[in-house]
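These notes open a run of structures that come right after.
One chain, chain A, appears in both complexes that follow, with chain B as partner in the first and chain C in the second.
Take a look at the complex of A and B:
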């Protein structure tokens, strides 16, 4: 969930704003290497996809539904750098045009979801890559674990920010229990849906799954006009 | 196509606030919220001043207060969090209506509620007076890297297309009797999301080729011919921020 203004004090907001900025510059530089001159249109469309996915409601229990956050999903599908840019741009647009997430909380929100979330999701997925390459079940398990840990660790990011400059009023233990407990539940949903989505993509276009790049059957790339 | 021109929180009007260069409005909104967040929470009186400043901006922008306030319900989830704080916070506690409430918890809840509300109202004011295109121009003028503004431009241009595609997929599922109620029945929806990703990615490949064939050189043409911000624009735009800064400062003096 997006943080609002006033959850953490001004110096903490600015500190994490700087952290987010450094990370975004790094991601922008590395994303170019991933996608070359296709960066802008491809990342633009994937960002639009993330935005649309957050509007799709999934059932949880009768009467309750939730939506995907998509951090681990984009990290697995398009890699950590393009994934970071996509999530960060969604957060910026949501804050500026949809009043979703505070303006001063933009730095902390980007740090939690685009930095911690994507990095954890991708690191876990890479660590489990041998399992993911083994087949559909392995890929689903990898995606589930990555999305689950991504959600929980991103919530831990909030706990750290609250510890540094929170508005107080609750012991850190309470905040920790509440956030981690709540996000463990959200993480299960996120994991199930991410796993189903990634396996669906891998079944149709395995070459589009960034995590599986360099697998046994590399995509043959030819320049236009050359004979096969 | 009609996509990428309006967003649901925009209120098209012709007012001095709407006409201000977007970069001025973005900076003003951000600094205004920084002032609010920097105000000490014990300075209760000062927080009555911020709505007056916002009200003046709404008056100048010809936005009815009710229009903004109705949309402020976005904030409700945070209210839930704020309600929890007084119940779970540490000692000392006060008795109120037979409930034992934590004093630091009450202060924390007040802090989150008032600052969160003022933040949402400021964001809504920015969104109401700035169109999507203006916002992108503003970000460009603020020297946001071209790669980021270009991605954001393409994202905003295609988001309605992708959302409509997701809507058609949902309609197709529902009309075939799809009525999921539990998480373990989400498979069809998730496979739909997978298909949506493939379609978005392939659309991106086609868009890239179309852009190349129209002479795409890696940079977007200038989006708007609106002039650069003059000194007067900055003075007018930052006037409410000045008022907010005075309020924040007086808050520090009082406490």
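Take a look at the complex of A and C:
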């Protein structure tokens, strides 16, 4: 879902560059509370994992593919503030090192994936937290729904940016319909990957799953019982 | 004992990321993603010696060339070489880990017992 340079005009790029910058500063200030000797290395690895999985475009329709955005994934594993920084770092590495995603488009891309994607993924996950704490199935369902919605709403971010300052080439109605339709399909893949990853981590180290922190959940009790 | 378990878990996590970027990346679909599909809506893409040509009217015609499109790792290759996606992916995982891990290590609260469930 990486925008190239030129898809929106310069004022729009600047506007969302400013939005992204403010959000990243806020995230950096708030992330500190969630980072300690144990969670900092975990967050670094989650970032590297998102980079890796974003390389895997999966087919959704003939001639069209999608890839993980990771908003719900990082929000559930490391929390919204650290998660924002995870996705932003991935986007910066992709743009600067791999020419994937435009440079002037970094603001819009960070807004769509590191702001909207993470916030929506986290909000849905928190709303469903009672379900997530009930066990493995509940956690998987929570992760799936949060990831599905983070994908669709992040796609709406592009629609808004195109509406504000799109360079043209397609009607807003067409962009809206196609973005939502295609990302509903991609969201299913995002949901499956997110649910699989989160439950795999929770199966071995539920204490490293931010969403389960401090919870009286069977997932944590079971792991504590088997700890040496 | 927990420190050893945590290290083992983190190394396992890293191994999965390296496997995905270095191996599974070869299985990735080459088709445009959702947003690129929307951007190409209305255009016919034809491959020419000068690269891809877009005929018709679509959003992607406004896309400008990436300023770093000739960088050594552009488009997830090493120097543009065929079959180097896995190596580019492994380098990307390492760079991302060092950047993110370094930033989070600097930002972390020091001298505080890890917040956990009494299993620290």
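Following the convention adopted for this analysis, the second predicted complex is superposed on the first by the 193 of 228 C-alpha atoms of A that agree within 3 Å, B and C clash if a C-alpha of one lies under 4 Å from a C-alpha of the other, contacts with A are read in each partner's own complex, and residues count from 1 in each chain.
Everything that follows uses one rule, which is that a contact is a pair of C-beta atoms (placed from the backbone, for glycine too) under 8 Å apart; a residue touches a chain by one contact, two chains touch by 3 or more.
Please read all numbers here as calculations on a predicted model, not as lab measurements.
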item	value
First (chain B), second (chain C), both or neither touched by A:59	both
First, second, both or neither for A:33, with chain B first and chain C second	second
First, second, both or neither for A:189, with chain B first and chain C second	first
Touched partner set for A:10, first chain B, second chain C, both or neither	first
Contact residues of chain A, present in both the chain B and the chain C interface	1, 4-7, 28, 31-32, 37-49, 51-53, 55-56, 58-60, 85-86, 89-90, 93, 95-100, 102-103, 166-170, 174, 178, 201, 204-205, 208
Interface residues, chain A side, partner chain C - complex	1-7, 28, 31-33, 35-49, 51-53, 55-60, 63-67, 82, 85-86, 89-90, 93-100, 102-103, 155, 158, 162, 166-170, 174-175, 178-179, 182-183, 185-186, 201, 204-205, 207-208, 213-214, 220, 224, 227-228
Residue ranges of chain A in contact with chain B within the complex	1, 4-7, 9-10, 13-14, 24-25, 28, 31-32, 37-49, 51-53, 55-56, 58-62, 68, 77, 85-86, 89-90, 92-93, 95-100, 102-105, 166-171, 174, 178, 188-189, 192-193, 195-201, 203-205, 208
Residues of chain B defined as touching chain A within the complex	7-10, 26, 29-30, 33-34, 36-38, 41, 71, 74-75, 77-78, 84-86, 88-90, 102, 104-109, 111-116, 118-120, 122-124, 126-127, 130, 132, 135, 145, 147-148, 150-159, 161-163, 165-166, 170, 180-187, 189-198, 200-201, 203-205, 207-208, 211, 216, 218
Complex interface listing, chain C residues touching chain A	1-2, 5-6, 9-10, 13-14, 16-18, 20-21, 24-25, 27-35, 37-39, 41-42, 57-64, 66-69, 71, 73-76, 85, 88-89, 92-97, 99-105, 107-109, 112-117, 119-120
